[in-house]
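Structures given as structure tokens follow.
Here chain A shows up in two complexes: once beside chain B, once beside chain C.
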Partner chain A sequence: MKRLPPIAAALVFLSACEREDREFRPSPVAGEGDAAIALSSIAPGPGGTEMRADTGKAYEENAYHLSEGKRLFTWFNCKGCHANGGGGSGPALMDDRWIYGGEFQNIVQSIGEGRPNGMPSFRGKIPDELIMQIAGYVRSMGRHVPMDAAPGRNDDLMPRPSEHRLPSSPAVTGGTVPPSGQAPQ
Partner chain B sequence: MRCCRPALLTPPLLLLTACSGWQSSLDPQGPQADLLAGLFWVFTAVLSAVWLLTMTALVVALLRRHPARTEPLELNTRPERGMARTVGAAAALTLVVVVALTVVSYGAQRALFSGGEAPLTLKVKGHQWWWEVTYEDPGPSRQFTTANEIHVPVGQPVHVKLESADVIHSFWVPNLAGKMDAIPGRENRLVIQASKEGVFRGQCTEFCGWQHAHMAITVVAHSLEDFERWRESQISAAEPPDDPVRKRGMQIFLSRPCVMCHQIRGTPAAGKVAPDLTHIGSRLHIAAGTLPNGRGNLAAWIVDPQGIKPGAHMPLIKLNAEEVEPLARYLEGLK
Partner chain C sequence: MPTKDTAATRYSGLSEITTDNVKDLRVAFTFSTGVNKGHEGAPLVVGGSMFIISPYPNIVYALDLTRPGAPLKWQYNPKPDASSQGVACCDVVNRGPTYSDGRLFFTTLDAHVVALDAETGREAWNVKLGEINRGETMTMAPLVVKDKVIVGISGGEYGVRGWIQALDAADGKSLWKAYSTGPDRDVKIGAEFKPFYEQDRGQDLGVATWPPNAWEIGGGTVWGFTTYDPELDLIFHGTANPGPWNPNQRPGDNKWTNTVFARDPDTGEARWAYQWNPHDLHDWDGINENILVDVEWQGKTRKALVHPDRNGLVYLLDRTTGEVLSANFYHPVNTHQGVDLKTGRIKINAGKYPHENEVIRDVCPTAPGAKDWSPSSFSHQTGLLYIPHNNLCMDWESTEANYIAGTPYVGAEVRMHAGPGGHRGELSAWDVVAGKEVWTIKERFPVWGGTLATAGGLIFYGNMEGWFKAADARTGEVLWQFKTSSGIIGQPTTYRGPDGKQYVAILSGVGGWAGSIVSGDLDPRDGTAALGFVNAMADLKDVTTKGGTLYAFALP
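So, the complex of A and B:
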């Protein structure tokens, strides 16, 4: 009976061994375009998206996917227009103002289908899994993802705190709409 | 016990077989590697001799009969003086050995890092998990980029500038030179030279992440004429395919996500973050030494990169079954 407490203590340590799974190999069977997230093409603006299978939690709460998204954000030159999230010729991504909705599925749709006035469509150019990784990273810029999963500090200079040090944003469904989004189109 | 002796002997013998071959510092193929191998053998010989002498002295001292002491406080100065002399001589000898080895090592390193003019300068950049190789040239149109394979002319020193795109890597081609780190934000220099033709394997020797073990580089040493021929062919853009299957392959390549990362000079594909594929068909290996080059392996790599090299930045591109073969044929033909 005396041995029981130390053994129990050792078992408690073992429980820390599993942290998160890195999923490298998406299912090779599904065809390109058969997205896990069903996207509606009806209307711009928040709330217009039909959501069937997945809310993107697998991508938003996984540190590996988020850091991959961060790398791809640079590789695919999202920075060229959106800078480091502060916006340039493209809108800012780190605030809570979203012209086409700030939910995970809205962002996936914006990247995949493109948006008027400049955002190109990347469907067929970026594989679906990578689009979702990027969308997860975009969500992390406003700290809509758990702190322990958000990417850490950059190696190079960064104009703002790293994603995991940003204050967590309050959940606004779809975000608020900036003036440019409210104006009649 | 007799039966087991061969089994006991096998492991050391197996270790010896590793002393020659295309990735061994004990099989030097260039002046830099010769220096290092010489240093290795001098150190091994001197230190083995020191070890043997020390062990012999220790065993002799243990086995020698000592006269029993009757009185613990009795002073017997004569043998003690002898002992002091022995210890003093051994300490002096140690000093001599250490200083001599330092001088030998310093001399070798001075020769290694003396620099000097080299007709050829390469920039080798480590990426997770492959090597980007740029052949520098004063004329910008004669500069070109390739990946995971270095060709050098025999008998000429080649300057290698080492850089890194992400984490610390280390460049080591044991048959040609010592290892040198590739550090982000820094340029390290190394000189390699091959004294005879051959193919040598190098390996990243600084743990750099998930696929560190699959980050090899191949060095091919040619005669000067062959090297110049190879360089001219690498400078040229990819030749457009002429048969319909390869034409279809090129179309697939250009309309799929491949172009987001890869470059094929002579086509609109101009991605800069993944290996340049302009002449991939001429390389010996694909995926940084992971697979021998060939149509089958190219197809396997395209269809399931994460099964072959989990964590690599090559994503799974979902192609239709009939698209794989033309694509692999197109890439195979990029000589």
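So, the complex of A and C:
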């Protein structure tokens, strides 16, 4: 019986090591421009639009990438417009509405290419790997990532429950009108 | 002009609508602007036309008041760059057009100034004065002084170096430009510059009071209402907050941010300046209105300037010298103890200093201040100032900000909440000489629009729930109110129509910094949204929706 606690501890310790792999160096082939992703939920003919739900898994299920994404979200001033996900001059990122699509690849493209109503294009300013980490973190604000990978408590003022405690808000296809649709014609 | 006169009193001599008959006021006509963002503009009436400007995309509409229902006469769409929406800190507002000599002048969000022929809506000239890629936008209402169009730049949350500029009303050519930071020649400080206090004297203070080169991205933007005294031949304007908000990154007084300047309108040369808040700690832009009134002060008539600042004080200044005659609290304040009248310097409470990475709780007033841009009015009938303001406090943490051109340069985590009493806004009548409140109306939300005083003994204002109200200027009793379609953050106007009747007009359409939770559809679960304002406005979505509509009222 005396030996059990050390064995249990060793088991816990070793299984914790298995939790995830960290990619400290980005994959040399990782690029943001290659995945095709539809911005619309309608497409002519049978089958509808193709959704690639698995893109970004490597980032979304990895606590290291998500916590890096959280740091970079502040570092590159994303926070100045989107706050801690509630939005400001930019739209909210923690809710279920996505003007330009809420899939990982949509968000990567929004950051890289910009969007016409005020989102700057960061292509060439932020390395692709870092854009993916930020996109993963953005997905964590609507809890589209596994709970055990999402960041925990902030180091700073806590504006809302931490990412791993936020309820999951699956994206809805309706419910918002993009700013470009609001202006009188 | 939106301010009624160059003294910005917003006092109208019209007296057909009085305290007795205001209860009969009813809608005469309405008009949809078709835009869903915050409507901070003033309807402007010249002759038989009314001019209104929408928030981005800054469409100008002219309505024909001579015909029943005031139909559309012309409209003009400047088609501003859509990306400019991304560098407007606090909703994509515009504070109104200005008229002079047959022409209409206004600014656009992508930093153009445009002149139109008021009769036809044809463009006379259109000049670009800023670069949105550096975060430069324009939101202010221009002021025309002696054939010069006075305009300034916005973008204090993006590290923009602020300036004020005079354009030739005939062709838009720049006549002079004065920066708010940097060496004296850039600020237009020369031999004629005589500030009243020691704190504002010295050479190149716009450089010396900053860490090296920080003044180049130091803010001090100019986006409030400019006033003009034709007798002294001086214009008065404020400068906004320094960048970033985090004060630990910019030790020094950070001149000339949060300052009021008196300048020669012909040359731009500064005559005096007074810094309201040296080394700003809480985003206290000094751009609130500087209303020009003459007061009896200790037995003498003084040419004064009244200024309710974000820091919670109403200042009474001698506008010939910049001397502070008095500074009294109109909002609960725990961050400072008012102004030392000998030195002119504000006395900061060290206990609330926002050291980096330390959460300071219950700081009053907040980042938008005791009062933001919302213009007060001054009634020559009662001698009182009518101040629309907030009642808010906040938690604040200074964090390190990175300067990346064209992105926010803030460095603060802010979360606001209601001030003492639980209400979040007030309309207060203020005795400028005695320096005390006479009456006040408490409002559930901040009073984010302007006020209007009339010779009929009335004060008009709107609240963010959408009620447009008329109060007795002497007692503060609300005598009439009408529920408009959206929350009100605009500036009321009154005018005599071509039919001889008195009208009152207001733009309804919630938004602005306070209302961006609705106009920008923000998520109230994040208290730091909209730079911390959302925490105090979480229930606004329950009471109003967005949408811009003009309302005009008249007696039957």
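Quick note on the criterion: the second predicted complex is superposed on the first by the 124 of 185 C-alpha atoms of A that agree within 3 Å, B and C clash if a C-alpha of one lies under 4 Å from a C-alpha of the other, contacts with A are read in each partner's own complex, and residues count from 1 in each chain.
Note that a residue touches a chain if its C-beta (ideal position, glycine included) is under 8 Å from a C-beta of that chain, and two chains touch if they have at least 3 such contacts.
Note that the coordinates shown come from a computational prediction; the quantities given were computed from them, not determined experimentally.
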- request: Could you tell me if A:Pro127 is touching chain B, chain C, both of them or neither one (first, second, both, neither)?
  value: first
Message: Per the contact definition in the header, classify A:Pro6: touching chain B only (first), chain C only (second), both, or neither.
response: neither
Message: With both complexes overlaid on chain A, does A:Trp75 touch chain B (first), chain C (second), both or neither?
response: both
- line: Comparing chain B and chain C in the superposed model, the one touching more of chain A is C
- request: Kindly list the residues of chain A that each of chain B and chain C touches, one partner per complex.
  value: 75-76, 155
- request: Please give the residue numbers of chain B that touch chain A in the complex, ascending.
  value: 184, 255-257, 259-261, 273, 303-304, 306-307, 310-311, 313, 315-318, 320
Residues of chain A defined as touching chain B within the complex: 22, 24-26, 28, 30-32, 71, 75-76, 124-127, 129-130, 155
Task: Over in the complex, which chain A residues touch chain C? Could you list them?
output: 74-77, 79-81, 83-92, 94-95, 97, 114, 116-120, 155-157, 159-161, 176, 179-180, 182-184
Task: Would you tell me which residues of chain C are touching chain A in their complex?
output: 33-37, 57, 59, 82-91, 157, 357, 359, 395, 397, 399, 401-402, 404, 406-410, 413, 415, 516, 520-531, 534-535
